[in-house]
Amino acid sequence: MTDGFEDLGYARADTGRERRLGLPEVVYGPGKTSEQIIGVVRSLLAANTGPVLVTRLSDEVAAAVGAAVPGGQHDPAARLLVWRPAPRRAFRVVVVSAGTSDAPVAAEAAAVAGAVGLDVRELRDVGVAGIHRLLAEVEVLAGADAVICIAGMEGALPSVVGGLVGCPVIAVPTSVGYGATFEGVTPLLAMLSSCAPGLVVVNIDSGFGAAVAAHRMAGSR
Amino acid sequence: MTDGFEDLGYARADTGRERRLGLPEVVYGPGKTSEQIIGVVRSLLAANTGPVLVTRLSDEVAAAVGAAVPGGQHDPAARLLVWRPAPRRAFRVVVVSAGTSDAPVAAEAAAVAGAVGLDVRELRDVGVAGIHRLLAEVEVLAGADAVICIAGMEGALPSVVGGLVGCPVIAVPTSVGYGATFEGVTPLLAMLSSCAPGLVVVNIDSGFGAAVAAHRMAGSR
Amino acid sequence: MTDGFEDLGYARADTGRERRLGLPEVVYGPGKTSEQIIGVVRSLLAANTGPVLVTRLSDEVAAAVGAAVPGGQHDPAARLLVWRPAPRRAFRVVVVSAGTSDAPVAAEAAAVAGAVGLDVRELRDVGVAGIHRLLAEVEVLAGADAVICIAGMEGALPSVVGGLVGCPVIAVPTSVGYGATFEGVTPLLAMLSSCAPGLVVVNIDSGFGAAVAAHRMAGSR
Amino acid sequence: MTDGFEDLGYARADTGRERRLGLPEVVYGPGKTSEQIIGVVRSLLAANTGPVLVTRLSDEVAAAVGAAVPGGQHDPAARLLVWRPAPRRAFRVVVVSAGTSDAPVAAEAAAVAGAVGLDVRELRDVGVAGIHRLLAEVEVLAGADAVICIAGMEGALPSVVGGLVGCPVIAVPTSVGYGATFEGVTPLLAMLSSCAPGLVVVNIDSGFGAAVAAHRMAGSR
Amino acid sequence: MTDGFEDLGYARADTGRERRLGLPEVVYGPGKTSEQIIGVVRSLLAANTGPVLVTRLSDEVAAAVGAAVPGGQHDPAARLLVWRPAPRRAFRVVVVSAGTSDAPVAAEAAAVAGAVGLDVRELRDVGVAGIHRLLAEVEVLAGADAVICIAGMEGALPSVVGGLVGCPVIAVPTSVGYGATFEGVTPLLAMLSSCAPGLVVVNIDSGFGAAVAAHRMAGSR
Amino acid sequence: MTDGFEDLGYARADTGRERRLGLPEVVYGPGKTSEQIIGVVRSLLAANTGPVLVTRLSDEVAAAVGAAVPGGQHDPAARLLVWRPAPRRAFRVVVVSAGTSDAPVAAEAAAVAGAVGLDVRELRDVGVAGIHRLLAEVEVLAGADAVICIAGMEGALPSVVGGLVGCPVIAVPTSVGYGATFEGVTPLLAMLSSCAPGLVVVNIDSGFGAAVAAHRMAGSR
Amino acid sequence: MTDGFEDLGYARADTGRERRLGLPEVVYGPGKTSEQIIGVVRSLLAANTGPVLVTRLSDEVAAAVGAAVPGGQHDPAARLLVWRPAPRRAFRVVVVSAGTSDAPVAAEAAAVAGAVGLDVRELRDVGVAGIHRLLAEVEVLAGADAVICIAGMEGALPSVVGGLVGCPVIAVPTSVGYGATFEGVTPLLAMLSSCAPGLVVVNIDSGFGAAVAAHRMAGSR
Amino acid sequence: MTDGFEDLGYARADTGRERRLGLPEVVYGPGKTSEQIIGVVRSLLAANTGPVLVTRLSDEVAAAVGAAVPGGQHDPAARLLVWRPAPRRAFRVVVVSAGTSDAPVAAEAAAVAGAVGLDVRELRDVGVAGIHRLLAEVEVLAGADAVICIAGMEGALPSVVGGLVGCPVIAVPTSVGYGATFEGVTPLLAMLSSCAPGLVVVNIDSGFGAAVAAHRMAGSR
C-alpha cells in the first residue's frame, strides 16, 4: 500500500484514486501556482486513463496551464479545464437552478458532470416564487436518473423538487443573496432541514461536489 | 402625557394603548404570577372598551385567572384567555400551516386574530413536499385579505404562497424540526431571505405577533 | 399552467406575476449582465401593463440599460430604474429612518413605494437617542396608512414607533454600525424581538422588500 | 391535481406520494398524538401498496399505535414501526458507524433501509483513531452499492471512507460528543467540508434521511 | 505580596480585596456547597470590616448558611445574603426596568446596590412600547447619580434613557423573551450597538455586576 | 418639546443634547459627506457652548471640513476633529492598552477624553503575557478616577486591572488578532464574562464610547 | 494490519493502541451500558499490560462495573474508574484552576494524570481577579514539567501562566459561567487567542484530554 | 519586579521573557511600522542572547527591517525574519500537512521551529482522502518527538495521526476551504472534538503557535 501516489515534493498526486474510486483525482485550482498545477496534471495524465479535471481556475491560470499541457478543453463559465473527457453514459442528470444569479454554480455542475460522462440537461430560473415555471417541466424531471438542485436565498427549491420525483436529489446551496442569507448559510441549513425525504446536500457553491456525487450514483448502477 | 398608564407597583398597565393603537395592551403570561395577571387584566378592562387578551397561559394559571375575573373565554389549544372579543369585521385572514406539528402556533394565530375581530380561515398540513395539497387551495388563498403562513424546518411555504397571491403574507417560523433547524432559526432566516417579494416576518413561534400584525393591516383599510 | 412565463434561455421571465400578484416581476440587478437585464425588461414591458423596476443598479449598468430601453427613469440614490410608474393612490406610507447613514435604504424604500403608486412621505434622522425629534412628528405618523421604519445599530426605533401608531409598521434593519452590530444582524434580531406588538420585519437593508410589503397592504384596502 | 391527498382535518395525508416518489409518505412521530398517527397510518395503508413507516416513536406510543393498527413490526432500538416491509432488492447498503454511542442513529438507518427493501450490512465502531479497524473491512466496503457513514465528534470517518470506495457515501453527523461538538454541528460542518470528493450529507442524527436517500439511489438503478 | 489571601484548601479567600478595591470579595453561590460558602463567609467576615455578600442562592442553601453564620439578612427575591450592610451614602442609583419579567434582575441590582451603601430608587415596567410611561419619570431620572437600565427582548430602553440623562447609564440585558432573543444575546448586542453615547454594558442578567459597577462609580466621587 | 433640534433636511442636529446630557452631540463621520458634516458642525457650534467633535475621519475629509469651519484641531492618530475643547477638570482617566496594535483605539479614547475635559494619562503595551509590566505601574493605576482598559486577542487585561483598583474600569475590546478572535468578538465576550466584579464594557474598537462613558462618570462627581 | 482489535459486536476494542501509543484505549463512559463497559474493560485488561480507565461515570454505573471487574479504583469526584494505575514517573504536572467551580474538571485532570503515572500537584482558586494568589505560587509553577491550566468565564488564567513559565501549558476551558460565557465557548476562544506564545488548548471541560496530552509530552522525554 | 522590560514609548519590550520562558519575546509584525519593529528588535537583541524573530512580515517591511538591523535571515515563504537562530537540538518535530494549500502555514511552523533549535522534518499533502499516502510514512511519524499536524477543510488529519503515534500531536487548523469551512472554524472545532485522545490545538493558521508549543515541549525534556 506504499505505492499509489507520486511524490512531487510540493504535492503527492493520488495516482491510485482512479483504481479505488473509478475517477482520477480532481485538482482544486485555488492556492496552487500554474507550475504546481501543470506538474500534478501531467502526473495524473500519465498514471490514469480517465478524465483529468482542474476546477475553479482563473482565465489567466487556465491559459498558462492549457498552453503547457496540450489537449485540455477550457470552459470559462465553469472555470474548468478538462483532458480526456469520459464518453457519455446513459445516466441522465438534470441540473435545476432557482435564479439567474445561480448560473456559475450550475455551469460548474453541468460541465463537471459532462466531463465525467454523465448525460446532462439544464433547467434554469425555476425558483419557487413562480412555481408554475417548475411545474411546466415535470416531464423533464421525471426523466432524470438524478437531479442536481441549485438555489441561494431561502433554498426552497429542492424541497419542492424532492416532493415531485423519486430519484436522488442533490441539493447545492449558493452564496447568492444578501443580509440574512449569510453567504449561503441560510440555504444550506434550509436544505439540511428539508421536509422532503431523502434529500442530500453538498457544500455551499459546490457544483463540483454535486457532479461527483452524481457520478458516484451512476457508478452504482 | 403623564397620564395614559396605571401604576400597579409591579407593573404599569398601558391604559392609553387602545386610544393610540386601536387595541388594548395584550398581557404576555409567562413570568407573571396569577395575582399580577389578575391585577393587570382588571386595570385594562376598566380603562378600555375593546378586547383584553392574556397569551401563553398554562391551564392552571388560566383557571385561576378565569375564576377571579369573570367573563373570560379560555382556548387551551391556543393557551389564550379573552374577555370582550371584538365583533367580526370583513377582513379575511387565512392561516396556512405547513405541518401538523405547527398546529399550536397556528392555533394561537387563529385564536388571537378571531379575538380581535378578524374573519379567520385555516388551511393545515400543506407543506411544500406535497405541493399539490397547497395548489388545491388556490381559491381559498385568493379570497384572503392577508395570509399568515406558518412553517418550521426549511420554512419554504411562504415563498410559494407569496408567489401565488398579492395580498400581505406574514411569515411565522416555528421551532419544529431538529438538528440543523436550530429551534426555528433556519426557517426564520429562510423567510427573511425569501425570493418572493414583499414577505414580512415575525419572531419564531409568534402566532400572536402575526395576528396583531394582521389586525394592524385590517385597521389600515 | 405551462404558460405564464417567457423562456429567455438564461432566465424565465415570470410574465404571469402581474396577474397573480398585481405587480409585474421586479428585476434584481446584481449578478446579471446589462444584456440580460435588457432582455428581461423588454419581456416584462411587453407582457404586462404595470410598472417595471430594476433594483440595486450601478450607475454604469443603469446608463447602459436606460439607453437600450427608452422611457426609464433613473434614481441614482435609490439605485433604481423605473418604466411606467403607477399612478399615485390614496395610501400614505411614511418612511422613517433613524440616522443619516440609513439614507440609502430609505431612498430605495421611498423610490420603490412611489414607483408602485403609494403616497410617500419621509422623516429622517429621528433616532431614539434624541427621542424628542420623533415625538415632534407624531401628527405625521398618525396620518400614515403604513410606516416603514429603518434603523441600524441597536434597531430600537420601530419599537417606539410601534407603540405610537396602530397602523402596520414594517421594520427594516440596516447594516449601519460596527463591531457588535454584525452588519445588521443586531438590529434584525432586535426588531424580531420587539416588545411592541405586531411589528413585521424584512431582510437587512431591504428597502425594496419593505416597499413591496406596503404595496401588498395597500392592495388589500 | 386537486386529488392525491386525504384531508383528515388535522393532517393531509399525501396519498399520491407513492405514485410520484415510489415510496409512501413516512410518518414523523414526534409532535403527533397516537390518535393522529393511527389515522394517518390507516389512510396511507389504504391508499398505497408499499411499506408504511412511523419514525422516532416512544415505546408507549408505539404500543398504542401497534395495538390499533394490526400487522406492524416494532423495532425499539430504531424507534420504528413498519407495516408491509418491502421485499429485499439487490442493492447493498453498508451502514458504517464511528463509535458505540452512534448506535441509535445507525439502528434507525439500518432499520429504515431494510424496511424499504435494501440489503443492509452494518460495521460498527470503526472510528479513525484506530484506522486499522476500518482498513480491515475494505472488502466489505468494496461490495457496497452505497455506504451510509455515521459519526459524531469530529466527523472524520466519511472523508476516509470516501477515499476508499467509489460508490455513493451518505454522511450522517450525530449529536454525540460534548463541548466544541455543539450537538452535532461540528461533524455536520466537517462532513460538508470534506476533502473527499462527492460526499453527500443529511441532517444531524438523521439515520432516516440517509436510508431514504439510499432508497432513491437504488431506485435509479 | 504573598499574603492577602487565606488558603481554605478548596478556595483561596481574597482577603486583601477590601484594601485594594474598597469592597470585600463577593461570594458567587452556584457550584459551591453550603459548607464551602460558610467557610469563605467566615474568612471574609474575619479579615474585612465591610459588607459580605453571597449571590444567586437558593432558599435552601440560604437557610443553611444563614443558620451557620449569624447576622445575615436574606432577600429571597434577590437571592442574596448580606452581613454588615454598608451605611447609605449620598449616591443615588435609579434602577429602571423595561418589563415585569425583568423583576428578578432588577431585584438583584437594587439589593446589592443597597447592601454596598448606595441610595436606590426603582422604576418598573417603563418599556419603550409605551414611551410615555418613561417620559413621565424624567424628573426621577434627572436626580440620578447613575442609572442601571434593565431590559430583555430588543433591549431598547437604555438607548432612550441614555439620550435623556447625562449621568452614567449601566445597561443590563436580560434573558427575557423567546425565539430571536436567544436567551439575552439580542438585547446584549443591541445595548453594545446603542446610538446613545457612552452607555456601558454588563453580562446578561447581571444585576450584581451593574450594582458593583455603580459602587465603583460612587467610590470615585 | 418640538424644539431642541434643527432640521437640516438630511439630518436633525440634536441641539438640545448639551442641555440634557452636558455634552453637545458628537458627529460620527463615516457615511456622511463633507458637506453634511460641515452643516451639522456649524449647527452644533451655533446652538451649544461646549466642545464639538467629529470622529472616525479620513485625512481627506478632515482637511475639507477643517478648511470650511475654522478653529478645529485635527488629531490624525485619533481620526478626530475638535472645536472648543473643554477646560481640563480634576478627573484622572488612565488609558491602559495591552499591545502596540491597540494603539489606534487608545489614541481615540485619549483624544476624546482630553477634548471633553478629562485629565488623561496613557499606559501602553502592558499585556498579561508579561504581567510585571503592568504591576510596575500599580501606583499610576491607583491614582485613577477611572481606567479605560483596551485589549484585543483574549481580552484578559481588564480582569487583572479590575482586581487591582476599585475605581470604574471601562473595558474596550479591539479587533486586533486573527483566527479565533473573530474581529474582536472573543475579547468582547471575555470582558463581559470577567471574574473581576463590576467591569463595564463598550462596543468593539469604541475608544470614543469609553471616553464618553468616563465623561458621564466625571459628571456624576 | 487486520489484527490489533477485538470485535465485541457492539464495539471494536482497540487492543493495539497500547503498542502504538504507549497507553491502552480509554473508555468513554456516557452512552454505553454497564454490560458494554464491562465487556470492553475485560478485553482491554486481557490484551494490554498498562492502566485501563473508564471516564465520566455515574456512581451507579461505576458501582456495577466495579463489582463485575475486580481491582478497579473509583474516584467519584473525578467520575473515574482505574485498573492497574501506572507507577509514578518523574514528570511533574501542576494542575492550576481559576475558581472553586472549576473543581470537577481539575479533579478529572489530576486523577487521570495520576493514573497514567504522572506526578501531580494542584493549585486551586488562583483566578486573575486576585493575581497575587497566583504570584505567590511562582515557585510551584517553576517546578512543573507541564502545567494544566483550567478556567471558565473569561479564561484569562492561561495567558498569565504562559507568560510566567517556559514549560508546556495546556489550557482547559470550562463551562463555568453564565450569559456571555456560552457554556465555555468564551474561555475556549480566549485561550485560542492568547497573547502568550505556545499555549495549547483542549475541548471544553476536558480534564481527561489535558491529562492524556501531558502523558504524551512525558512520553517524549 | 519593575525591571524586566524596556519602555520604548510605543512599546514595552519584554526583555525578561528569555529568563522566564527560555525564549526571547517574538515580535508579531502586523500593525507595527518598520520603525517600531526595528526598535523592538534592537532592544531584544541587546537584552537577550537567544534567537530574535519577527513573524508575518510583508516582503517590503522585511527588506526595510533587514537593512536596518544586520544579521537577519529572511524566509519569504514563512514571512519570517530571524537573528541568531538557535543551534539544533535533538528534538525531532515532524510537520505534517494535509494539502498543498496548507503550505504557507506549514512553512511558518517549520521555519519557526528550526529557528528556535528544533530538528524539523516535513511531510506534505497526506490528506485523509488518500489515506495510503500517510500510512506510507508511519516510520517517519514513529521517529517524531512531536508532530505538528496542519489541515483545513474538515480537519480530520490529526485524528488519524493521533491514533498512530504516542508523542504529542499539535493540531493546527487552517483557513483553507470555502463555504462551510468558515475560514478555518470547521477544522478548529473538529480538532477540538477529536476522538483521538490527548490532541492539543492552537489558533487558526498559527504555524507560529504550534512551533513555540513544540519548543516548550522540547524544553521540558
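Going by the order they are written in, the chains are A, B, C, D, E, F, G and H; count residues from 1 in each one.
Throughout what follows, a contact is a pair of C-beta atoms (placed from the backbone, for glycine too) under 8 Å apart; a residue touches a chain by one contact, two chains touch by 3 or more.
Predicted model only: the values in this text are computed from it and were never measured.
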Those chains which touch chain E and also touch chain B: C
Other chains in touch with both chain E and chain F: C, G
Fit chain A to chain B on CA atoms, both being copies of the same sequence, and give the resulting rotation angle in degrees, nearest 5. 180
Proportion of interface numbers common to chain D and chain H (over half same, under half different): same
Candidate from A-B, E-G or E-F with the same interface as B-E, over half of contact pairs in common: E-G
So which chain is farthest from chain B, going by the mean of the CA atoms in each chain? H
Using mean CA coordinates as chain centres, what's the gap between chain C and chain E in Å? 44
Can you check how far apart chain A and chain E are, centre to centre, with Cα atoms defining each centre and the answer in Å? 57
So the centre of each chain is just the mean of its C-alpha atoms; given that, what is the distance between chain B and chain D in Å? 36
Touching two or more other chains in chain B are residues 17, 129-130, 135, 163-164, 179-180, 188, 192-193, 197, 203-204
Okay, what are all the chain pairs that touch? A-B, A-C, A-D, A-H, B-C, B-D, B-E, C-E, C-F, D-G, D-H, E-F, E-G, F-G, F-H, G-H
Show which residues of chain G lie in contact with chain D when the two form their complex. 1-2, 4-5, 9-12, 14, 16-17, 25, 28, 30-32, 36, 173, 175, 184, 188, 203-206
For chain G, which residues count as touching chain H in their complex? 17, 20-23, 26, 145-146, 163-170, 188, 192-193, 197-204, 208-209, 211-217, 219-221
Residue ranges of chain H in contact with chain D within the complex: 98-99, 127-131, 135, 153-156, 159-160, 162-164, 177, 179-182, 185-187, 189-197
Chain G contacts chain E in the complex at 100-101, 103, 124-126, 129-130, 132-133, 135-136, 176, 178-180
